[in-house]
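Both complexes shown next keep chain A, but they swap its partner, so chain B is in the first and chain C is in the second.
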Partner chain A sequence: MVSGSGLLAVMVMLPFIGALVPGLMIRAGRDACAMFTAVPTLLALIFLGILAPEIMAGGTVTAKIEWLPALGLNANFFLDGLGLLFAGMILGMGLLITLYARFYLSGEDPMGQFYTYLLLFQGAMLGISVSDNILLLLVFWELTSLSSFLLIGYWKHLPEGRQGARMALTVTGAGGLAMIAGMLILGNIVGSYDLSVILQHGDEIRASEYYLPALILILLGAFTKSAQFPFHFWLPHAMAAPTPVSAYLHSATMVKAGVFLMARMWPVLAGTDEWFYIVSTVGLITMVIGALIALFKDDLKALLAFSTVSHLGLLTMLLGLGTKLAAVVAVFHIINHLTFKAALFMSAGIVDHETHTRDIKRLGGLASLMPATALIAVVAALSMAGIPPLNGFMSKEMMLEEVAHTDWWGGKWPIIILATVGALFSVAYSFRFIGHTFFGPVRDDYPHHPHDPPTGMLLAPGFLAVLVVAIGLAPSLIAGPIVAAASTAVIGGGELPYYSLKLWHGVNPALFMSIAAVLGGAVLLWLHRPLDKAWIRTPRPEAKAMFDRVVAGTVLGTRWLIEGTHNGAISRYLSIFVVATVLLGFAAFQGGGLPEQTREMLPVPPLVGVGFVLTMLATLATVFAHRNRFRTLILVSVVGLMVSAGFVYLSAPDLAMTQISVDTVTVMLMLLALHFLPKYTPLESPLSMRIRDGVIAVIAGAAVAALAYSFLLTDMSPISDYHLANSYKGGGGTNVVNVILVDFRGYDTYGEIVVLGIAGLTLYALMEALLNGPASRRLRNWTFPPDRSRDRHPLMMVVATRVMMPIAALVGVYIFLRGHNMPGGGFVAGLVISIALLMQYMASGFAWTQERKRFEYHAMIGWGVIIAGLTGAGAWLAGAPFLTSAFGYFTIPPFEEFELATAMLFDLGVFLTVLGAVMLMLYSLSRMARYAGETVNLEPMDYDPSRRVDAAIEADKKDDA
Partner chain B sequence: MIVTYALIFAFACFGFGLLSTMWRMLVGPTQADRILALDTMVINFIALIVLYGISQGTALYFEASMLIAMVGFVSTVALCRFVLRGDIIE
Partner chain C sequence: MELVVATTIGGLTAAGVYLLLRLRAFPVILGLTLLTYAVNVFLFATGRLAVGVPPVLDDAATAYSDPLPQALVLTAIVISFGMTAVLVLIALGSALESGDDRVDVTEDANGEGDA
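Here is the complex of A and B:
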């Protein structure tokens, strides 16, 4: 027997895994596609069935998977009665919808996509219903918003579909954001994000001073999702979706997510005045307004949508009442609403499918033309109206009975009247749905001549209609157990209140209210024509227009903000960033968290003073000379030189080496680029702006200096002590800098070389695009200055660099090999070798050197990253985390004992990547010159003296002969 | 003992040298002057590293100075080629 927790976890995963299939299976045909959508759903349903007996017996099933325990985010699932009810609804409806959609979607619709979205949504919904972690629940919550966005906008060619999808995403997404905040507060109060823990701490939560903000934020999420007033407007616009989506998302599952959440949180949040007044009031208003609007909608689906809004309001109100009995009624009505409303949506879809219209004013008399559809729709609509002996009657009676003895805003009557009015409207629109669609005279102007659809399409709504009748006739038998299990979960365990699911409760207030509603509804329908005219004349706020105005206003505002701050000028970004940083830093300094200054200033030897003076002079000179780009380069080199002098003085000779090498390579790359760039920067900004920028720069510089000063004068216990202590022990090297690079912070280094490689390849790609683009025309018309020196490849330089090459290579290898224990390492070594190669390029020219190159630089970058990555991954084989290094000491007789460390292999990767990237950048930049018409040189030098000797020998030979 | 004085004297000389080359760097007047100033500065710097190594009694700095000597002149060459030919890699 498989453990319950395993089954539960797999059940949640199934739809997500299954979602991959239909998108691909569509090539195998539409039936296969639908089949492969049904299989994971059916499997999940079977798993649920296996788990069900245990839940029904009052137990729960949990599955715990640690995900990010540090954040309190775990993939914990638990299944109780409420979860079971929702999971069953989601999966069961999923199956019916899959079947229905197979026949509903036309040949032109991409069915694979549809089923993939559907399964994604199903998985997200299932996740909500069984999440034990509220953070995980939030993830699934957002996933339902996203997948419903895809489903509503499924017909991408319809503007209403796209706009409706966007509206739904905006409203539910915004509510979801509020809910995240609310859940975080909740988790903070309890100290755990696990729902099962939170549910134990109801008193603590209700007593907390943060209860009200948390409640409001969470309710915002629930109200937006469940389309409660005043957020109800998105649901009718979401009706632009294909009907299977409307039936699944907008009647059965997604819109119930808000109700589910309120039910889930009922034990901890309900029972206070705040809860009672907010939730019941919003629910009641929604119920009445939704029903009223539904009465005057001509579009079948819009009518059903507002009816759904109204019924969701009813559920919300019931949960809001806060009594246990009301919660039981809510659970029962959730089931009933699912059955009749989904059947109605599907029937409306069939009518639309067959007559090509959903406008009630163009319909009528369909009962004789499509009898099967009519039968299903009439049964379901009567249940919606609350007519005995159908299931809708029972839950409505129980609701009215609950309402009849509730005090609301200081009296019984307001709520009794409002609830009766809501029920009355409900009866009226249900009767209208039946009467104006299926009865009345048969017309001869249907856009398409209607008849009953294929059986496959009728199966799903038919099954639901049978349920409507069956639950109505034998409620305790069919719905009793699950209602009991789910209600127990909603009220947080304990004894269920007394209730009985039956049709006849005797003569009680609810019966009178019900009779009043039915009679009033019939009268309203009779008066519908004049009422409709009056309704059309009455001015009403138009939600879509208001929403569009709000969106347009927001767009305008954000555009103003973005274009004000991100206008494309880097000087503005930098000034905003720097000013903000300085201000924040200043605020932090005021905070008084500054440690005491405990250290003495060190003396400044005169020579160090000279270094300071030089650095400052060079920096100042750079500021004044920066329009002359070449001079700036020289001055920056001076600064670089002084920085490396500082490194030497502060006992970091290898940093000094690296600094010098990087400087050299940078200067060369800059010079290559500068050749084709203007040599002077024009004066573009007015004096005032330069003064402003100058002030910002000086303040920022002073701030950094102050920060450095204050920290250098305090005794900290920095991480370097740890590095020093563990460098040899843990990393096997005595050069702490290198051990940090390849071991302690190896992940950083790995990321950095990847970035470096990407930069090299990007430069190559950009240059390729540039040289094949319009810029190459300008390059081809390049004229070289006539006063160029004619010393192109001077003999002396060629010889010197040739001699230097092997020495430099040897030095490179040497500092690479010893890098782990002494100053050096792969990074410097790569730079040294690339400088040595660069010298050859400079001395003998591009073509000559390129001919002698054996390796592609691209490949070198790739190999470098691969070697480093594989070395890091090798640690996994030893069961250690990525990039854990191993080392050992070996002796091979003629040599002294030496050390081998995996860090060296990693360093080799660094070396290759650095070398490859630098050389590739140089190669890319120097290609420009060839496009500008520079001739290439195949000889190593301008003037080869050996030729003269050869020629003389030849001449001598000739003479001898 | 004598080494200490010699070191102080040498440090002073090279420090003065650095200041002088910086002066040349600032006033120019030609680009060649500035390049030469930079090159001289690198040489002075190398000398200072060696002296510092001597004063600290370690060979580590010697290697650093060698390496800097090896790559330090390359940027001078590149700058010169830029002035003379425009393109540093032809």
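Here is the complex of A and C:
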């Protein structure tokens, strides 16, 4: 069904798209803002309504959008009975909450923000309810945690709001992480991340050895989200949110996400002893404890919060029982709880709004002052208590009936008693909610004199209260079809068990339990005052304090770890890094033995032996003589030269050319830097530290050497054969290394020249900052050592570099041009030309040379990247992918046949970027010298023979003075 | 030959690591240079060693060395130059601001120095 799937996908998107609007529309006024929040919700609800008949008839609607198929992550949606129920609840409640919040929020609250968050949350919840892909579901799951964080902390000025938001995010976020692991295990067992596939493989999952870990991890996610014991503590603290948020998130939707997940996974996870005992026990404990605490809460919203905890426990327990009938009851109770609890939250919000307090002990007698609110609250609370003929009564009766037939921990009685006690507390706190708020004598010390709110605020709770009564009176008519559809989805299809939604089920065990609960509840309320005193005296574990201690402990531990390992001294990071790498390598070697050696060792000719000894000696000397920095620089360049020679010998001419030219530039760079660095490294580290570092270094070196030796003597099948075979045919060049750079792996090269260009610009920017920062003061007062050469620009050097310049440039061009077929190419050519230019700088000074420069180095980098990029993009014109190269052979007399390739244009980009970046870097460094008071010479050389000799002598004398 | 190359890599790594753990910026940069040599040779060597068979297509050639690691190392050499340059400048900056080029200054000590 094409149109259906399209509708479904659009429906999921609508809240997200709509979320952009309220933030903007708030300028048009609060009514417009609320209106524009309602529009996407209403549209989505209409779409849902269009899809509903098909679902009710037992069908499903799916929408598949491929996203990352390689990871099994697709934006697949499917709508079945359960999804329909939840989507309907989310959207319907969303509309009511939008209406209610319009009147609830005051003019000072940023309402646009509120509605944006609300729609984000709504979209995330909707996503959870219709996701077909569990990875996608996880994404939406985390989105609800994030958006609820924003909503709970909406009143940013309240510390409780911020703390509550943090706690909710921590607990539900941590649970979400556990659930990700569980879902991944589940996906691995089945081999698919699609829910519709997973749901078909229940037997396989339950038989898997990973069933229990997956179950526990997924339940952790569900229990934290649905505030099950012992994770229930975050929900009451989340009550710092504005009441519309509490009504929406914390009674109707988000906290039910855990229940939804358990229902969704019911066909595959339920039915085992582990499921039964874990889920039903946790649910039952939560139900009783939540109800008990609710009885002694004075804050109206806290009372409702714990009552929600208790009811969520009830739902969890029902799903945990694992029978089909219990699942049906759970579905029915989800609907009923939504109606009465949201109405109660809204009434509590109205009371708070009108009297400016939520403290039950300061309220009472409101029934005559705000009759409409009282009527709504009484109806809803009686339903919560399970009084006929309201809907809460029915689902509670069915729950008790179901419990009465269950063997739990070896008998019927424990669960019957506990469930009855839970129901009894529930009756007591429901009665207290209305009794102590609305009835009793009218007081004269309300913080604010109350009266009924504007009709707009009453509409939403009023509608819900009507539903409470309507479902109670005509359950099969109103709730029957959706309960049937959703239940069928929960139990995984097939025949529904026999049940009937009606008020009177005859005289059965549930009736007696119910009567006991109501009577007991009334007695408890009557005894509330002394009980309350006793409760206050009893020491109880305070969840907030415990949570804060855990957080503080974690912060302390983390700080200790960070300050120990990450204290700002780079030598510590590096030693940790090296030791960790060696240890990891060691651990990796434990896995399997070394591979068999299949290669013969190559002989070592005497010359290579000499080179090896030289390298080793230079390396050793570098280490032992590193305190004299100039000398070390020479030693290091010996090593570099030997490495280049090694590349020549081992058939890598391109590498040798690159290495030798890079080394040249590097040494120049280091020399420039040494100008302003200390010339000697003082002996600071104690002997013990040097020995420790030496041991680390030797172990690291030995490990790398062993690794290299081991793989050098084993064969492998490289992918390079492809490159060798296609270099000429496909890339038009015989120098395979160059063809790989500009063609096969052109994208990599493109990235690398961009990085190099960025490095050059970074250097320029850093130098700019440095010269304008505190360092510039030190630079201006710089005194150069007295033993400096006074012949800074010697005649011989100036003349030699001038002569060399065109030759070097010619060599550079030659290397560039032949690069495609012989060793060479853009990288090497760029370096060679920059060396030729740098020689001019060295000979005549930077300032002198800079004045004669025609091109800006920044621009050169930019042009290089642009040319390379345009060459790559040019391939699009030919209908080929980015950076596909083309080439052809041409003959123009009197030349020989020659080749033109687009790759050469790309290489030109490489050339320009390399040249520009290298020159920019060295130019930037040289700027420091002039800042430090280096004289700018106007002549190309210090002693110009064309000037008269005596004038030169005179000038010399002047210098001395 | 393989033993020679492996020893060279190991020696360069050891020297590089030792200098990397020194307390001044300049030896650290030199250590990084040596370590770069080691890593580049190591990467290059993953194509296995061969003498006299450069990867330049020729009808007379009987074998070629592995071109792919060479291409990778070529760009690595150029990039590491860029990184060295940035590092040198950072070292220069901190040396000019604090008067010496120590690298083991902790954040606390730094904060006091600034104040």
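As a working rule, the second predicted complex is superposed on the first by the 807 of 961 C-alpha atoms of A that agree within 3 Å, B and C clash if a C-alpha of one lies under 4 Å from a C-alpha of the other, contacts with A are read in each partner's own complex, and residues count from 1 in each chain.
We take it that a residue touches a chain if its C-beta (ideal position, glycine included) is under 8 Å from a C-beta of that chain, and two chains touch if they have at least 3 such contacts.
What you are looking at is a predicted structure, and each value in this text was computed from that prediction instead of being measured.
Colleague: Determine, under the contact definition given at the top, whether A:I218 touches first (chain B), second (chain C), both, or neither.
Modeller: Neither partner.
Colleague: Hey, is it chain B or chain C that touches more of chain A?
Modeller: C
Colleague: Output check: A:H723 vs chain B and chain C. Expected answer is one of first, second, both, neither. What do you get?
Modeller: Only chain C is touched by A:H723; chain B is not.
Colleague: Name the contact category of A:I152: first (chain B only), second (chain C only), both, or neither.
Modeller: In the superposition, A:I152 contacts neither chain B nor chain C.
Colleague: Once chain A of both complexes is superposed, is A:F784 in touch with chain B (first), chain C (second), both, or neither?
Modeller: first
Colleague: Examine A:M262 and indicate which partner it touches, taking first as chain B and second as chain C; both and neither are also allowed.
Modeller: Neither partner.
Colleague: After lining up the shared chain so the two structures overlap, which partner does A:Y649 touch, if you call chain B first and chain C second: first, second, both or neither?
Modeller: It touches chain B and chain C both.
Colleague: Check whether A:L908 is in contact with chain B, with chain C, with both or with neither, and answer first, second, both or neither.
Modeller: Neither partner.
Colleague: Could you tell me if A:G568 is touching chain B, chain C, both of them or neither one (first, second, both, neither)?
Modeller: After superposition on chain A, A:G568 lies in contact with chain C alone.
Colleague: From the superposed pair, tell me which chain A residues show up as contacts to chain B and also as contacts to chain C.
Modeller: The answer is residues 633, 649, 653-654, 674, 822-823, 831 of chain A.
Colleague: Considering the complex alone, what residue numbers of chain B touch chain A?
Modeller: It is residues 11-12, 15, 18-19, 22, 25-26, 31, 34-35, 38, 41-42, 45, 48-49, 52, 60-61, 63-64, 66-68, 70-72, 74-75, 77-79, 81-90 of chain B that touch chain A.
Colleague: Using the touch definition up top, name the residues of chain C that touch chain A in the complex.
Modeller: Within the complex, chain C contacts chain A at residues 1-30, 33-34, 37-38, 40-42, 44-58, 64-68, 70-71, 73-75, 77-79, 81-86, 88-93, 95-97, 99-101, 103-110.
Colleague: Where on chain A is chain C touching in the complex?
Modeller: The touching residues are 567-572, 574-575, 578, 599, 601-604, 608-609, 612, 615-616, 619-620, 622-623, 626, 629, 632-633, 636, 639-640, 643, 646-647, 649-655, 658-659, 662, 665-666, 669-670, 673-674, 676-678, 681-682, 684-685, 693-694, 696-698, 700-702, 704-706, 708-709, 711-713, 715-716, 718-720, 723-724, 727-728, 734-737, 740-741, 745, 748-749, 752, 755-756, 759-760, 762-763, 766-767, 770, 773-775, 778-779, 821-823, 827, 831, 914, 917-918, 921, 924-925, 928.
Colleague: Under the touch definition given earlier, write down the residues of chain A that touch chain B in their complex.
Modeller: Against chain B, the touching part of chain A is residues 606-607, 610-611, 613-614, 617-618, 621, 630-631, 633-635, 637-638, 641, 644-645, 648-649, 653-654, 656-657, 660-661, 663-664, 667-668, 671-672, 674-675, 784-785, 788-789, 791-793, 797, 804, 807-808, 811, 815, 822-823, 828, 831-832, 835, 838-839, 841-842, 845-846, 922, 926, 929, 934, 936-937.
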